[in-house]
Amino acid sequence: MRNLGATGFFLERASAILLVFLLAAHFIVIHFQGAGEDAWSHGAIFLRLSSPLWLVFYIIFLSVLLYHGFYGLWGIAVEYVRRVSLLAAIRACLVAVSLALWASGIFILANSQMLLANPPALCYKCHARGSIPSYRAMRFFGLHRPWQGAQTERALENFPASGKDVESAVTDPRLKVLSFTGSATVGWGLKRLACDK
Amino acid sequence: MLHRFDTLVIGSGLAGLSAAIEASRHGSVAVIAKLYPTRCHSSAAQGGIAAALGNEDPDSPEWHVYDTIKGSDYLADQDAVRTMCEAAVKTVIGLEHMGVPFSRTPGGKIAQRRFGGHTKEFGAAPVRRACYCADRTGLAIVTTLYEQSQRRGIKFFPEFHVLDIMMEGDRCLGAAAMEIRTGEICAFSACATILATGGYGRVFRTTSNAIQSTGDLPGILLEKGLPLEDMEFFQFHPTGLYGLGILVTEGARGEGGVLVNGKGERFMERYAPHIKDLAPRDMVSRAITTEIREGRGVGERDFVYLDLRAIPEKTLSERLPEIMNFCRIYMGVDPSVAPIPVVPTAHYAMGGIPTDQGGRVMKNEAGETTLGLFAAGECACVSVHGANRLGCNSLLDTVVFGRRAGEAAGKMKDIFMVEAAAESEEVLGPAKNTVSEILRRRGDEKTGAVRKDLQELMMGRCSVFRNEAGLKAALEGIKELKERAKHIAITDRGKRFNTEVLEAIELGRLIDLAEVIVSSAVQRKESRGAHSREDYPERDDKNWLKHTFAFKKAGAFKTEGNIEFSYRPVSIAGFPLRKREY
Amino acid sequence: MRYGQKGAQVRRRPGTGFLAFILHRGSGIILAFFILPHLYMLYFLKDPARYEAIRGVFINRMAVRLAGAGLLALVLAHGLNGARVMLLEAGAPSRLQKALFVTALIIGLLLLAAGARLMIAA
Amino acid sequence: MEKDRVKKFRIKRWDPERASKPRWEEFTVSLDPFERLLDGLIRIKDNLDGSLTFRSSCAHGMCGSCAMKINGKNALACQTLAKNTPEVVVLEPLPAFPVIKDLVVDMDPFFEKIGRIMPWLLEDGPPPERERTQSPEEMKKILDAIKCIMCGCCTSACPVYRAGKDLYLGPASLVKAARFIFDSRDAGWEERLEMVSGKNGIWRCHSIYNCYEVCPRSIDVTGIISRLKRMSVKKMLLPPRRPG
């Protein structure tokens, strides 16, 4: 038990700092798209999960979040529970529940990888709206051209893009169908590009 | 409840804790006190503890001895003073080793500052001798000693009010105390009992002393037929906050503060041309009182100013932070921009339970001691302070003689066996009677009113200046107060934490002590140190170079009221008597 | 004059720090349990139709969108106060604790306004 | 006196010996603006109700006896002036400690907690002939902590302490620990730091600042605890040496 307190405290603070960034990314990508946006549609999630970077992101996010949250709950228990045996039981419960949650998260991620290897056929849709935050975030993580490196068969639905990205998407031979929401000029320009295919 | 320890210490101030720590080397020790250990009044000591460390100025214990004797107006026993001053350096360093967080010089040594009456080369100029911890030296030392007592496994009994000392002839067998929390009276048997209950400044209205400084133990000893020594000498500290009596340490003048009267004069130049504001306390108090009496007080009121504005702000906040705080809180004055209104305030009892240098309580002027009974600190009189104590010598006195008493008391268990007392009327009877007698009283007097009148009386008749007529009137007044005290009605008849009963008991002791103080003052027909008679303005070494022993029993030489007196010569060892000038 | 037990009520203002602490603890507990619905939903990723059906419920109900904004508020409260506490623990002077609380409050409200607009807008 | 101001003291009174529940009682006394609330209490005890029970000693904020809850905030009655209080002064015993009678609470658990952290200087070997040296800068590190008078205001104001009295050491004990841990002369700092880093020590502090707000000695209590936290983390991360 050498200075466990300091370790716990330090990890709690460290995980908090990590969480600031992880949660910011999470909120920007998922929640700040406007309620009508599809950043957490089935396709969008699978698109992200097809990238190893996002996979790692989610594993870290899950672990850090669970550690931070359950360590916090444990801290409250320590403060209010006097009986040592009860405290030990609570501790065991918290550890078990957090591990179970972690395992189920990992299971979901693993499951998604298996689905990705054998996907249902779907069309690709492209949102040419470069200004929205999620686009900027994806650009930041280098994920703004999700179709590059994707297998032809993979389902790709509804991603944000702008300018050059869209051009590359339209000209990419692997993209078969393209739907578009955005201004007319851009739309017609895209159409011309697509026709060249 | 019955308890048995090798050594019993009553009082948890500096003297008590020092004694307890020392005694714990020899056997089991219990400390009982009517407050929690760190609530003692030693923690209010501000300025410092004197020791000729020579860290800031060249210094020598010999000069310290001289200053103390001169400061005492030659009434101190010179051999005891020598013992104290020569032990001072070791004592302070011992305290530092225990962990007292002293302020430091840039070189990392214990910092020292100037204090009233401390000089170099036998009076040449002020010297930096007071080792301090900002202006919370007492708190720092008390806290440290309490910590060390905990380390040594000393058993504390906080909030036990001692009601009786168990005596068997000349031998002390322990004490009976009430556990305030339950009202239960317990007997503490011990081979040695050390009294360290501090002062009794609460006989005066304006005092720097704590509300709990009520002189319980000297009062009890008086009843047991034991003497009290030099009770007429009560020090008035020159700079108490006006109206409150909260002390402004002499260190404030040591750092460069000056006293200013209503005309804006630095009047101490007239009274002590050499060391001015750093003259001993009795002189400064007299000077202030004279200024006020002669109409040179500030405005229409009866105070003078202590001006600290010459001290740089940084020094103020580093070395006198508590003073700054007190002035801001209680006076609404910021000492760095305005002078502080001050008046002399009752501060320290030079007199008390007579002891030898080992803390053994004397039972008569011949120096015969009682077995198993010791005293140290302000409640005791060794006497190292004589007629006037120098600033910073009180902390030194408590620690040096506390330790000596503790050592002597700790060894008692080898020569004096005391068994645990049995629960009997003989043992606990007197203590129980004290309480039941108070509870039996019927009448319409209130403790607070009688106490207030006593304090007013003492302040008016027996403070800085005294005269025969005033003192006689005070004796009459005290007689009346004694009568009134018999009619105090107690409203709280519960057992649990009954402070009303305790206050009535304390008041009884205070009145007894006031009587001894006034009686002693009446019979000493001279002016010496803090005892300043207007009708006898000169020091009279021919007739009065002697300690007063006041008894409450028959068979002595001289009588003033209910008190009888005998005398003990002053020990002179190396410092012949001279006129006292600064 | 004597009063009953409820006779003398003092109006007690909880200290800033205590308020912040309660907010922090409360939001923390709720947020810890927010992991559950997230995982529950993601569990249905294996069945796209089912997943999209559940998602539809969330997207189409205004109340649920508002709840989303509430989640953001909790995250901001927890996170910003966490930042405040960490700053103070890292050595920021104690006398700034109230000012830091107010600062966190203002930043939180601004972020909440911006974020909630994005979350609630269709 | 005309300058007197009438104050109402509303006091929570309880003598567990005689009543099963506390009751509130109101007294009217006159107090000068510059008088202390303690003066008011003494006046009540002297003139109105001798059974009113409270602790007092030094009467100028150096002993810590008269700590109580004044208008909802822990403070010393001897340090609170009449002019700084509203017309009605509400007095209660310190919370979190068992009430003995009226405004007197049992401080034993408080001192017992302080005793747990080995509150004494541990030397490293026999002391030198003279004093151990300590630079003024080193001394400054404990300057705040040595001001403590152990009145109990901080510990009693701490919600964490109130929730788990028998567990959490409480702010006063931690300040006491800091007084030694930051003392350059102390050899036991490592052991003591371990002690306060246990599960009932510094990690229970959530920087609520109640202790800081109430401390009658203006000690930066929470700041000191934060310093301990930093030191503990540093000690975990860095090779063992005495961090500042």
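Letters A, B, C and D mark the chains as written, and numbering starts fresh at 1 in each.
Rule of thumb we're sticking to: contacts are C-beta pairs under 8 Å (C-beta built on N, C-alpha and C of every residue); 3 or more make two chains touch, one makes a residue touch a chain.
This is a predicted model, so every value here is computed, not measured.
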item	value
Chain labels contacting subunit A and also subunit C	D
Chain nearest the overall C-alpha centroid of the shown protein atoms	D
Among all chain pairs, the one with the most C-beta contacts	B-D
For subunit A paired with subunit D, centre-to-centre distance based on mean C-alpha positions, whole Å	50
Centre distance in Å when subunit A and subunit B are each reduced to the mean of their C-alpha atoms	76
Geometric centre distance via CA averages, subunit C-subunit B, whole Å	60
Centre distance in Å when subunit B and subunit D are each reduced to the mean of their C-alpha atoms	27
Residues of subunit A touching at least two other chains	none
Residues of subunit D engaged with two or more neighbouring chains	229
Junction residues of subunit C - those touching two or more other chains	25, 89
Chains that touch, pairwise	A-C, A-D, B-D, C-D
Residue numbers on subunit D that touch subunit A, as the complex places them	160, 163-164, 166-168, 194, 197-199, 201-204, 229, 232-233, 235-237
For the subunit A and subunit C complex, residues of the former touching the latter	13, 16-17, 19-20, 23, 27, 31-36, 40-42, 45-46, 65-66, 69-70, 72-73, 76, 101, 104-105, 108, 111-112, 115, 120, 133
Subunit C contact footprint on subunit D (complex, rising order)	10, 12, 21-26, 71-72, 90, 159, 206-210, 212-213, 220, 222-223, 226-227, 229-230
Partner subunit D, residues of subunit C touching it in the complex	1-5, 7-8, 10-13, 15-18, 20-21, 24-25, 85, 88-91, 93-94, 97
Touching residues (chain side subunit A, partner subunit D) in the complex	1-10, 75, 78-80, 82
